[in-house]
Amino acid sequence: MIKAGIIGGAGYTAGELLRLLINHPEVEITFVNSSSNAGNPIVDVHEGLIGETDLVFTDELPLDEIDVLFFCTAHGDTKKFMDSHELPKHLKVVDLSMDYRLEAPEHEFVYGLPELDKEAISKAKYIANPGCFATCIQLALLPLAKNQLIHENVIVNAITGSTGAGVKPGATSHFSWRNNNISIYKPFSHQHVPEIKQSLRKLQGSYNSEIDFIPYRGDFARGIFATVVLHCKANADSLYLMYKEYYADAPFVHVSEKNIDLKQVVNTNKCLVHLEKHDDKLLIISCIDNLLKGASGQAVQNMNLLFGLDEQTALKLKPSAF
Amino acid sequence: MIKAGIIGGAGYTAGELLRLLINHPEVEITFVNSSSNAGNPIVDVHEGLIGETDLVFTDELPLDEIDVLFFCTAHGDTKKFMDSHELPKHLKVVDLSMDYRLEAPEHEFVYGLPELDKEAISKAKYIANPGCFATCIQLALLPLAKNQLIHENVIVNAITGSTGAGVKPGATSHFSWRNNNISIYKPFSHQHVPEIKQSLRKLQGSYNSEIDFIPYRGDFARGIFATVVLHCKANADSLYLMYKEYYADAPFVHVSEKNIDLKQVVNTNKCLVHLEKHDDKLLIISCIDNLLKGASGQAVQNMNLLFGLDEQTALKLKPSAF
Amino acid sequence: MIKAGIIGGAGYTAGELLRLLINHPEVEITFVNSSSNAGNPIVDVHEGLIGETDLVFTDELPLDEIDVLFFCTAHGDTKKFMDSHELPKHLKVVDLSMDYRLEAPEHEFVYGLPELDKEAISKAKYIANPGCFATCIQLALLPLAKNQLIHENVIVNAITGSTGAGVKPGATSHFSWRNNNISIYKPFSHQHVPEIKQSLRKLQGSYNSEIDFIPYRGDFARGIFATVVLHCKANADSLYLMYKEYYADAPFVHVSEKNIDLKQVVNTNKCLVHLEKHDDKLLIISCIDNLLKGASGQAVQNMNLLFGLDEQTALKLKPSAF
Amino acid sequence: MIKAGIIGGAGYTAGELLRLLINHPEVEITFVNSSSNAGNPIVDVHEGLIGETDLVFTDELPLDEIDVLFFCTAHGDTKKFMDSHELPKHLKVVDLSMDYRLEAPEHEFVYGLPELDKEAISKAKYIANPGCFATCIQLALLPLAKNQLIHENVIVNAITGSTGAGVKPGATSHFSWRNNNISIYKPFSHQHVPEIKQSLRKLQGSYNSEIDFIPYRGDFARGIFATVVLHCKANADSLYLMYKEYYADAPFVHVSEKNIDLKQVVNTNKCLVHLEKHDDKLLIISCIDNLLKGASGQAVQNMNLLFGLDEQTALKLKPSAF
């Protein structure tokens, strides 16, 4: 059994991770660290786990007792932790924060998008789990980059569920405000763009254009739905071949020739991708569940790869569908 | 022109009051007091007023300049204010808090439910505006009390929109939690029950039973939908006559012989009431918009009565319907 | 491997059944019959299954090739089918319609609520799967009946998601109408009441009172949330003991001493039950996912019992939580 | 009093028109024609009007008795009607269908976007009321065209509420499907694009580029929220001046220097426009209520202009805000 510890256990991604790991046949949860909730049963915070676990939050960190450590910490806090602690040699790490997503000589984290480089992840020790928007947008673009086809700015409009903004209440997550509402934030300046570019450059050395990304706040809780537009000379048939070939070995990415909608992926670790050519414009639609393929599901997928398990272990989830 | 001041101007009921008064042909808003927002334009806080007003929040209280003062304050704060200020003699007051809803020798507030005693309101100086649940439930029951027909516990189940819980963010108003969720709170102990009983006793001296009220949190922003059940010997036809007679002079209450649904009243000052007899059980359905007939709409209705205006002035609102 | 066939494969309960059976380690889906969709891939109708199955709807009925037949048919259609077909001797049946829920000398269906009589189900050949409201309300009441404690009318208010009304579009399932709306239907006359009474009588021979049930249409897709009220002399502690004892062997029913909310069970096969005493009134809250414990999840649970499998096989589902 | 008739009275736009005209001080509704509903009270179909009107649908067409005729007909049906009927000479027409939005020698309809040419509308007899998406997108672009600033393709992503798809139930308006879902339709080929181009060309003779428009289905009932992106050399300050000058005489269009969200316009006839420069990219956000400024509100605005009334008559609506 793989023994797992979680830091930052009270947030949404930790809850989702727990909901996955509890049914993982090869994992035992050793501790869930949350200073603010130490001593409280996990089910008091993570609804939907009632009857499934007796775990209690702890403020201890028995790192020697675990094989893998998940950081579900706020951005910046993983780095603080890594800088101030010496981790046991054998310990593997999956970091859900954005602290180590950009490669740098100072750290040895591998970017954990299995559809980009599964091999590297399998051999890694520390994984930087990708951002939710970043995952959804990359999965729309990777096959193009692989085929050296991105030569201009890419136009991205993507709408996210409220869970993407975390558990902390605020004005834009207030039900009375958000219900039936639509708005945008951080246009052309979202923090996930750099990691997208980093991946595209890996596949297409010549890649040198912008991701013109407008993020929308949606009035739903789960999911990201993205439209991606760029000019492209290839025709629809050859593009479909390209995408299907690229994702041949990716069990969670499905290329659909029919139009898709967000709820087809909610509560799954899937990404659906749909392509349409309109004259010389290529429209790519992709969607994921932001808490699963966009966060904790991908974290488990990475953990499976780190430990040589089948990538899909504990991730064949019943879609909620409605 | 009636000059109006508002205290507690940053909350939901104040926003709704402003949205109504801005279009009131006989009212001029003199000041909107909010210590936390002093100096900020009102449209910064109350969305949907953009382009309609240049008013700015103030921390001043020029009580001498106004004819009517609306308290949109938290429960307890109106009383604190009244105890610590001497109001100008001529000044009329409409208090939306619950501080003075129960009659007492110590105060001269009149309970502001026009369908209970329009006459008293018209002659009053200070009005205690009823609670939202209290309004919805009373309007379901008043004709029965008037006809001395309540002889046993009344079973009430009523579901409210999130705006009933106010602007302050919290766990149960977080979009991620509340969206698509249902829950209850304060079963059999909601603070609006005493004012309901007080009204019933006024119409039916013998009234001496319980209101068994379970409040539900709904996953919508506006409205209250209540079902009220009690045993009653009268038949449906005579009950409809009773209700229609009782509300003959109530321009906002409509007795519907067809089944009703919540959105028929949203964004209006109406209350719809529907009756069904099932054997000896009488089922009464009533619904209102909690921010209008349940709060600020009723406050304007009361103000209209206080100043001898047509009750419906500024309250013939376009229903949102969807 | 258990070979399964499904009749009425295009509806919501069939979709949910497929989403469960696809991940069931002991089941192989042999055919999905839908005359209206014959020849179409299942993923064209049941979204969220993309990438998980290549199954195609058929209008054939190879009953000899299967071990278990699920009826996801409209009410009335199972009976028509049973009256006009001779089923292979060995074939087991789980009927999700309401045709055989009431016991009668003319048929040999066993009522499939495992928490009522798991033993009988295990030995049965034909199962009548309970109704969704009926499941939620019975699980709130069975321990009381077992302890001979129901002596008066039981007041039930329960709100259901839109999937309860099926896939066929109509006025009350139109998004523009239902979004943010609340209404009731069939008060005191819902078709699930007789099966509830039948179960209560089995446990409490003296049971002879009414279920005063008002069903509400909720503005969400999945779930049923019920409040159940009756007078009861037992105190809270002894009632909790009673309920926990009754459900000691029921892996999907959890008795919670904390208040509960609907989303704690959505996308699970669980039922949560919470109790509160208020003076002599007992309030029981129970909630389920109407498509899982209220339909297809319970159908799989019954199938597991029919074939001697662990009751929870393929039903340890990740809650959607949000 | 202006006497008004309505054809196609059972749809959403007719309902909204009725909700407006009932409170219009200068209008009397003479008839509401609906062959399918002839004889039924209007409140049976248009919820939210209960208590406000005793009107009954008719299948008669007393065109001689009215001053203005509103077509709330399906696309194609207005033209059929016009081709087969001779209208009384004095009769003015506002057509909410798309039949006459494109100017042509064969007809004398004037395109009814007051912010484009209020003068022409005031003098017109027949008005072609603009499309909902078309209104929202044009109001984002008109000041640019007026200043000859559109020199390349314009990227538009806009999301609409379900009421935009009408009252007829269907797969994509089913609550169970649409709730919490996002999808797109008709990318780069929406039928409103030609009328947008026609208007831009009127203001900017040199305009010769594309509107790359992706329409999204939102999981809310009312409203359209659009983002519009193009390259533009002008800086933000000068653009704000330009927009404010262009809309100086437009009482319903408000240019906001703060970010905006959809619910700020819901249940109003307003359009909000917000601008941001990001390097050389200009982002314009605009939003309207699709049933008001996008349909029936604009129809009343046009009627006001046709009859020389204040443009805002009966259109100073209380925003629903929540």
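Labels A, B, C and D are assigned to the chains in the order they are written; within every chain, residues are numbered from 1.
Here is the rule we use: a residue touches a chain if its C-beta (ideal position, glycine included) is under 8 Å from a C-beta of that chain, and two chains touch if they have at least 3 such contacts.
What you see is a predicted model, and the numbers here were worked out from it, not measured in a lab.
Two copies of one chain, subunit A and subunit D, touch each other, and the residues they use overlap strongly: the shared fraction of interface numbers exceeds half. Comparing the centres of all chains, each the average of its CA atoms, the largest separation from subunit D belongs to C. In the Cα superposition of subunit B onto subunit C, the rotation angle, rounded to steps of 5, is 180 degrees.
Separating the CA-averaged centres of subunit A and subunit D is a span of 40 Å. Chain centres here are Cα means. That of subunit A falls 46 Å from that of subunit B. Residues of subunit B found to touch two or more other chains are 12, 161-163, 176-177, 179-180, 219-222, 260-261, 263, 266, 322.
If you check the complex, the residues on subunit A that touch subunit D are 155, 157, 159, 176-177, 179-185, 187-189, 212, 214, 216, 218-223, 225, 227, 229, 259-263, 266, 276, 278-279, 281, 283, 285, 287, 322. Those residues of subunit D whose C-beta lies close enough to touch subunit B in the complex are 12, 15-16, 19-20, 23, 44, 46-52, 161-163, 179-180, 221-222, 254, 256, 258, 260-261, 263-268, 270, 272, 291, 316-322.
Those residues of subunit A that touch subunit B in the shared complex are 12, 161-163, 167, 169-171, 173-180, 219-221.
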